[in-house]
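Read from first to last, the chains carry the letters A, B, C, D and E; within each, the first residue is number 1.
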Amino acid sequence: MEITLAHYLVLSGVLFSIGLIGVMRRKNLLMLFFATEILLNATNIGFAAIAHYHGDLTGQMFAFFVIAIAASEVAVGLGLLIVWYKRTGKIDLDIMTSMRG
Amino acid sequence: MQEHILSILIFFPALAAMLGFVVHKDSARAYGITVAAIEFFLSLWLWNLYDPMTSGMQFMEQAPLVAAFGINYLVGIDGISLFIIILSTFFTMIGIASLTETRRVKDLIITLLFLEMTMVGVFAALDAIVFYVFWELSLIPMLYIIGAWGGPLRIYASIKFFLYTFTGSLVMLVGMLFMAYFYYQATGQWSFSLLEWYRLILPLNFQLWLFAAFFIGFAIKVPMFPFHTWLPYAHGQAPTIGSVILAAILLKMGTYAFVRFSLPLFPDASVFFMFPIAILAIIMIIYTAMVAYAQEDIKQVVAYSSVSHMGVIVLGTFALNVEGISGSIFLMIAHGVVSGALFLLVGVIYDRRHTKLMSEFGGLASVMPRYATIFGIMMMASVGLPLTINFVGEFLSLLGFYKQSHAFTLVAGTAIIVGAIYMLSAYKKMFFGNVTKDENKHLKDVNMTELLALVPLVVITVWLGVYPKPLLEPISHSVEPIVQLMHDKAQTAEAQARIPNLANPEAMNSQEETR
Amino acid sequence: MFEAIAFYLFAALTIAMFTITVMTSQALYALTAMAAGMIFISAFFFILGADFLGVIQIIVYTGAVMALYAFGMMFFDTTRTVVEKRDNPRVIFILGVLAATLVVFILVSPIISTHIEANYPINAAMGNSETIGLILFTKFLVPFEIAAVMLLVAMIAGIVLAGKKMDKSLTLMAEEEIALMSATQAKPETEEGAH
Amino acid sequence: MLEPIHISLASLNIATLAPMIVAIVGALTILCIDLIKGGLHKSLYVMVSLLFLMIDLGLIVDFGNLFIQNGSVSGMFNMMLIDGLAILGQIIIVAGSMLFIPLALTSKRFHEYNYPEYFSLFLFMIAGFQFMVATDNLIMIFVGLETASLALYALIALHNRSKSFEAAVKYFTMGALAAGFYAFGSMILYAITGSIEINQIAAVLGADHYANIGYVLLAISFLLAAFGFKLSMVPFHTWTPDVYEGSSAAMAGYMSIVPKIAGFIVSMRLFEFLVHSGVVWLQVILYIAVVVTMTASNIWAMVQTDVKRMLAYSSISHAGFVMAAILIGTTQSNTALFLYWALFSFTNLGAFTMLWVSRQKNLLPGQSSDHPFEKFSGLIKTMPMAAIMMGLFMLSLAGIPPFGLFWGKIYIIASAVTGGYTVLALIMALNSALAAYYYLKLIVYMFMKEPVKEYGKYYLVNASLSLKTIIGIAAVGTIFAVLAVNPLLKVITLFVYNSGY
Amino acid sequence: MEIYLYIALFAPLAGSLFSALFGASPKTSVTGIVASGLLFISFVSSAILLNYVMMGHTVHVEMMTWIAAGDLYIPFGFVVDQVSVVMMMVVSVVSTVVHIYSVGYMDHDKGFNRFFSYLSAFVFSMMVLVMSDNFLGLFIGWEGVGLCSWLLIGFWYHKESATWAANEAFIMNRIADLAMLIGIFIVYWNIGSLQYDVVFSQIANLPMPIITWIGIFLFIGAMGKSAQFPLHTWLADAMEGPTPVSALIHAATMVTAGVYLVVRANPIYSLIPEVGTVIASLGAFVAMFAATMALVNRDMKRIIAYSTLSQLGYMFVAAGLGAYWVALFHLMAHAFFKALLFLGAGNVMHAMHDELDPFKMGGLKKPMKWTWILMTLASVALAGIYPLAGFFSKDLILEVAFVEQHYVLYTVLLLTAGLTAFYSFRLVALIFNGDERHLEHGIHPHEAYNFMLYAMAPLGLLAVIAGMVFKTPYYEMVTHLLPALEYHIHNHTTFWIMTIGTQLFVIAAIAYAYKKYAKAVKVDKKVESGFFYQLLYNQYYIPKLYDELFSKPYRELSRIAWKQIDLKIVDATVDGIANVIYRTGEKTHTMQNGNLSSMLRWMVIGLVVLLVLAVAFTVGYNAVTMRAM
């Protein structure tokens, strides 16, 4: 019962889908951001696994940069959330519908 | 200067329009008349310089625009375009001179001058893209004229006018690009020059598709049935000057383009589509004449009558012989003069009564005898009475098409009947009978300004009806090479049979003898 | 065998944690579950021999990111039960499951390739961190530097957005108000600038 | 144990980084200036940014000259790839930015321009975009993209009103999702090729004869979704109108041009080899995407009540139009893409600047958005010059000859014709007719309706000399585009062809 | 001689233009006088030309090119030959008379100047028609007279019936003109020219069917102008115009243009005797048909109009049977006495304050003695009593029919001659004899101006002598151009029996008419409500039929074409497409509901769709490659 690359990729895919569900489901923006983190983490598993199975470091590098990007996104995202929260007192995205059509 | 006269003719009005922004609005009209008159005399000078015995293009100018893509600023005229250009400048002049509009005259005049540029440009262009540029550009001033100075439905009408024609011409544009691509495939070079394209002989199936693409663009502009419905709205809502120019010049672009593009580029397709188009033309002639008969608004009558007459022009064009094509081109000019005059006349009464419903009138002949007379003359010209300008064109067009089909010509010939029906009944409603409405009892007859515009038109109508030679000869000379080109390019046996071979010395001789 | 057990164990845990993150209505649970999930993921990295990544994962995610989120939660006061309006939950699950199925459907098939070459082979002789350091400062120097810029951007953005400067909107104020404001605040602002 | 690494500096070609470094240095300089002396007037920052961008542009042009002589250059361990696309892309990015940055000099004060961070972020963003186009490494693309995007989110939010926050949050969230897509797509590509450099990926896929077709399609799906977001292809476009509406008109105009050209260049690098390798699926999908994007956005644009939103939809449509060039994938079509975008930027710049000029600070009672059509009602009567300018840009956008976009349009349609996509050419042409409707709608308002009194005083409220200059430049660029088309065409063809596209 | 040709041709035009100058001004007699004078000049020129032609010359000029395109070459060419000079004389004589007469007749009319302008324009058109040397030139005149006829019928444009009649006449003529144009087209495409001399010299080379078609189409053209069945209804309605107009246009000249055309085109018709037979049969039918309608009509002018129609039928019989010179001769003679008849009717109308019903007149013999004499003279001539003009021309046609052995035609024509005599004298009797019924209506008739009577006098003279004096020189002259066929019944007995028989028959008819109508007028209710009376009185219901069959459906169809087809189908389709697009936008733009959650969902949906397609393609692709393996 050998664990192959496919196992990891499937895991990655499943986690990604969980992230997708979260992205679609969450109305609370903070928790929505959690879901986006899941998306990136899911790919990181994939990258690390591929790097392992191909014996190539590039995947790890990619994962590394993905982590960096995720971190930056959190900073900006939180910044945005803070101004929004200051202005409205809520972080529920359902009230964000002033523009439509 | 002579070698650049066409460019001057094209861009002078535009330049003048730019400068016109500076002119004070009270003097705008005088400025407009001056510019239009200069332009008109320039065009007359062009006529003077024009050598009627040469059959090819004259006053050619060329300058690269997008050399890498084969687009050149290429202009030139022959007998076909010369007179339509003169007609354009003439009508712009007449139109501005007879302007009765009081709202924002300056804007209107600037717009008209821009429109003049595009009109001259379309007819002078020998490069497909340059042609297209002017073709599309002409929509904008007209859009503005209808939309800003028109009747209550003006916005609907103007948008309909614009979008309809724009859609058609986009399809045409794709056709042009294909044409250029075929040229590229054949020669390895991009070119949009019409004269270069003329040398291209395309396989029949390509011709058919391209013909169809061009046809959509042209047919909407003409407008051919069933693409005509923008026209009544445009005319119905447009101010007088808009209708005049629309009917006199803009519609001619479509039929002119048939002669310039469709026929010489796709001779086999032209023959292939001859009868379908003839059927459409016949529907245009009869059906729109009937619709015109049912109208309640005099302007709509004239508008539909335009469609009907355009049917004859299309028919003449697709006669594919010198008689028919020359006739149709002559009829373009004739119809320009006559329908332009009719719209001016409708404008005269509209200015006085602010209605165009025929039921509002009646018995005008006794109140406005001069008006009735001029209207009568123009109506008779429209009906195609001999010795008026229309007859020459209509006769030649029908004569030409008779060569191709007897039965169709017989049916199409009902134009002269149905035309008389709606025109006479409209005239009767407007001018005959007793004056029933009090408002009409004290209408003023045409004044000097209006006469200034109308009398020259009457003179032209009769003069060219009696002596069409100055126009007909150069037109005929310029049509001959086109017909010959078509014959030489024709591949299908049917096309060769249907398009006469003018170079055949035997045929020439026998014709000489019969004279 | 060990690998398999570890894989399945951590896979199950990660999935469970992330599912909780996504599904729970308790913000605190979600945060905790996500932090746990992140750590379990680092376990994969260790299994896969990417020690450096594993460490980074723990430090950056559980250290920095989670701390930020925790701060955010407190700031936004979302420690209580989060009430979210759910519309068409079925559609969401259908879409999610469909996506998963489709992705998995393709991913289960083996990769057939004879041309994959490792551009930067993992050198067993060297430690993971060392090799990574080696290529990070050669091949991936530029992205690394850009990442630094990116972090700087994120920092500036975060500061600017979250800072006091955004409290009063010049965009919405009339010109006179702005003039008045800058006149009264002229002093403190210059002081601030001197900082 | 560690062997010393010997790398010659010359082989690094550090110069390839120069343009981006200029931008980054510019950003840092601005930050430093602010540190040293705060509260300086925005015009200083505008000019400083402009200066650095000029140097940036100069360097890129220099690379252009080098490219003409030597062809593509790569550097920094093949991380940087300065080929024709990169140069053209950077030129458009930097030139576009140079035209937009003076829009900060409005007569009214807006929040973002009062803070030097804005300009700093702006320059960082430009650097990010430059990196994004000047590489074929997926990591670089990703990092560059994110740098730029994060800066952009902040720039939008800095406008500082609820709508712009809303816009920024929406953009950000969707961007995060798109980033996830991108990462996952890259992962799949990496899984089947073991590489993250596009040319190597292409080589490996080709060598394998696309054996893992399922994986390839999976990867393409994710990447398409990611770039579909960036390029606002339907149905990934939903952010566009909201974000445009939420941000300032100047920023909206900027977003309609610069980020997209970066996206196009990456798409070109990513998808064209696939299209050419006969991945029929991609052709079909792109075909559908292009047609749907063009048509649907045109249809939605028709029913808009706000000019900026209308222009947002119109820019979606234009993006779809240009995306067709990638589908066609010939040298001519790629040339057309750049030509189109260069001409589009002038026109769109003008159109959005006209909106920017008319931006009033507070909405009137009953006014739901910044630029409702009624605002422009009867403009010809109150401000004829403004109306004519706006009309001009609308006509150009509608593709009326001889104004700018027309030439781009015919060249793209011609490339469709030569590429064998007859039906596509027709659809593109007919879509122009659909589009004409809503451009005309604005013209109708401006030229054919009576002015609405309340709005009268707000028009040109925001105008300043620099804004008017920009409008003038845009107008000149739009009207006399025909003169520029030939040289542009020659240069672009040279660059694109020599880059192998 | 060319100068006379031009004078004859353009003098009327000059008169017309001169009068037109005063068109909108109040009445000035000078217009009438100048126009009449110019016409007289025209007449003199025509006479000089006649003299010249009598000497055996012809004049042929080509004034200038008109239409030249491709191989088509049509000049303004004019020819004065034996045929056209006859027509010129007829036209100029009658028109001069009518002009002078009109000066008096239109004396009190507001449109006096306008009237002369139109009338002279008509003469000009007629001159062009008869003098042209090609078919298209003839067509110019053809349409020109149509126009003038329209103007003159509708001269009193405030009268609904007048304008209606004008339009009817014009449109009906147009129908025929179309056929004529087609005929011209056929000629051109087969011969390459429209010049008479070229066409007539080459016509024989054409295949028979083509000649037949040419003949048919040209004749249809002639039918319109000459109001032959079924295009006859306009003529009776055209009587709405002023009476001099009826005299000139609708009796003497314009309506005979059709006959002229057939005569002119005799080289064509000679080749196709079958068509000739049809023409003759139709002519005979119309002669009878029109005469029957005249029997019961109660409108003085309409009666004369029907009589004209009937006589035109005679002419066509002659022309159809190849007796072209006879047709032309009758044309000439008829012009004189019919114009006279109309002018007389005009006098009566004037006297009766525009009353037209002869049943409301009577006993006018006394107050209007000269008119009575002239009208009686004209009626006698019309009836064909020896030695007046009608006898020589009309009886000749009977003889032609007899000689050509068309006995049916002969019988019909003979009967018609009787009918003609009857209704002519019915009219005369009703007007001039019997009680003075008009007194009931308070009308006191008076004789017309003297100069009007003087103007009529030459016509009266001509009506008397035209046949007797002119026949021989005429015959000698025209047979230079027309087939010289003598129609003599070789058997003298038969000849005398026939001649005398005819005369007696006609006289009997006249006597019956006098007996029935000269004294008291009894209105026989029974007869009047009878089927035949009603049939005839309603003109065989043909106008009604046309109205129901053509006018109304056309109007209705036009409305449908506009309201239903143009607006509801063609235009609605265009608008419909636009609306569908716009509605789609309105319906679907709510997809952009501003909610971030849905926006994200759209993205995922997009992804999932792509994935579905990707998987589907992969599965399909694998299946295909598996099969391939």
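Please note the rule applied: a residue touches a chain if its C-beta (ideal position, glycine included) is under 8 Å from a C-beta of that chain, and two chains touch if they have at least 3 such contacts.
Computed from a predicted structure; not experimentally measured.
By the document's definition of touch, common neighbours of subunit A and subunit C comprise D, E.
Using the contact threshold fixed earlier, the set of chains in contact with both subunit D and subunit E is A, B, C. Among the other chains, the CA centroid farthest from that of subunit E is the one of C. When C-beta pairs in contact are tallied for every pair of chains, the largest tally goes to A-C.
Chain B has its Cα centroid nearest to the centroid of all protein Cα atoms in the structure.
Separating the CA-averaged centres of subunit C and subunit D is a span of 27 Å.
Per-chain CA centroids place subunit A at a distance of 65 Å from subunit B.
Put simply, the C-alpha centre of subunit B and that of subunit E have 35 angstrom between them.
Centre-to-centre separation of subunit A and subunit D, using mean CA positions: 26 Å.
Among the residues of subunit D, those touching two or more other chains are numbered 139, 143, 146, 150, 153-154, 157, 160, 169-170, 173, 177, 191, 194-195, 214, 217-218, 241-242, 303-304. Counting partner chains per residue, subunit B has residues 163 touching two or more of them. Residues of subunit A in contact with two or more other chains: 5, 9, 12, 16, 19-20, 23-24, 26-27, 33, 54, 56, 58, 61, 65, 68-69, 72-73, 76, 79-81, 83, 93-94, 96, 98-101.
Annotation, chain-chain contacts: A-C, A-D, A-E, B-D, B-E, C-D, C-E, D-E (touch as defined at the top). Those residues of subunit E that touch subunit A in the shared complex are 589-590, 592-597, 600-601, 604, 607. On the side of subunit D, the complex with subunit B involves touching residues 380-381, 384, 395, 400-402, 406-407, 410-411, 413-414, 417-418, 422, 425-426, 429-430, 432-433, 436-437, 440, 443-444, 447-449, 482, 485-486, 489-490, 493.
Residue ranges of subunit A in contact with subunit E, taken from their complex: 20, 23-24, 26-27, 93-94, 96-101. Looking at the complex, you find that subunit C touches subunit D at residues 103, 106-107, 109, 111-119, 125-126, 130, 134, 138-143, 146-147, 149-150, 152-154, 156-157, 159-161, 165-166, 169-175, 178, 189-190, 192-194. Against subunit B, in their complex, subunit E makes its touches with residues 23-24, 64-73, 136, 139-140, 142-144, 147, 150, 154, 157-158, 160, 163-164, 166-167, 170-171, 174-175, 177-178, 181-182, 184-186, 188-189, 191-193, 198, 202, 554-555, 557-559, 561-563, 565-566, 570-571, 573-574, 578.
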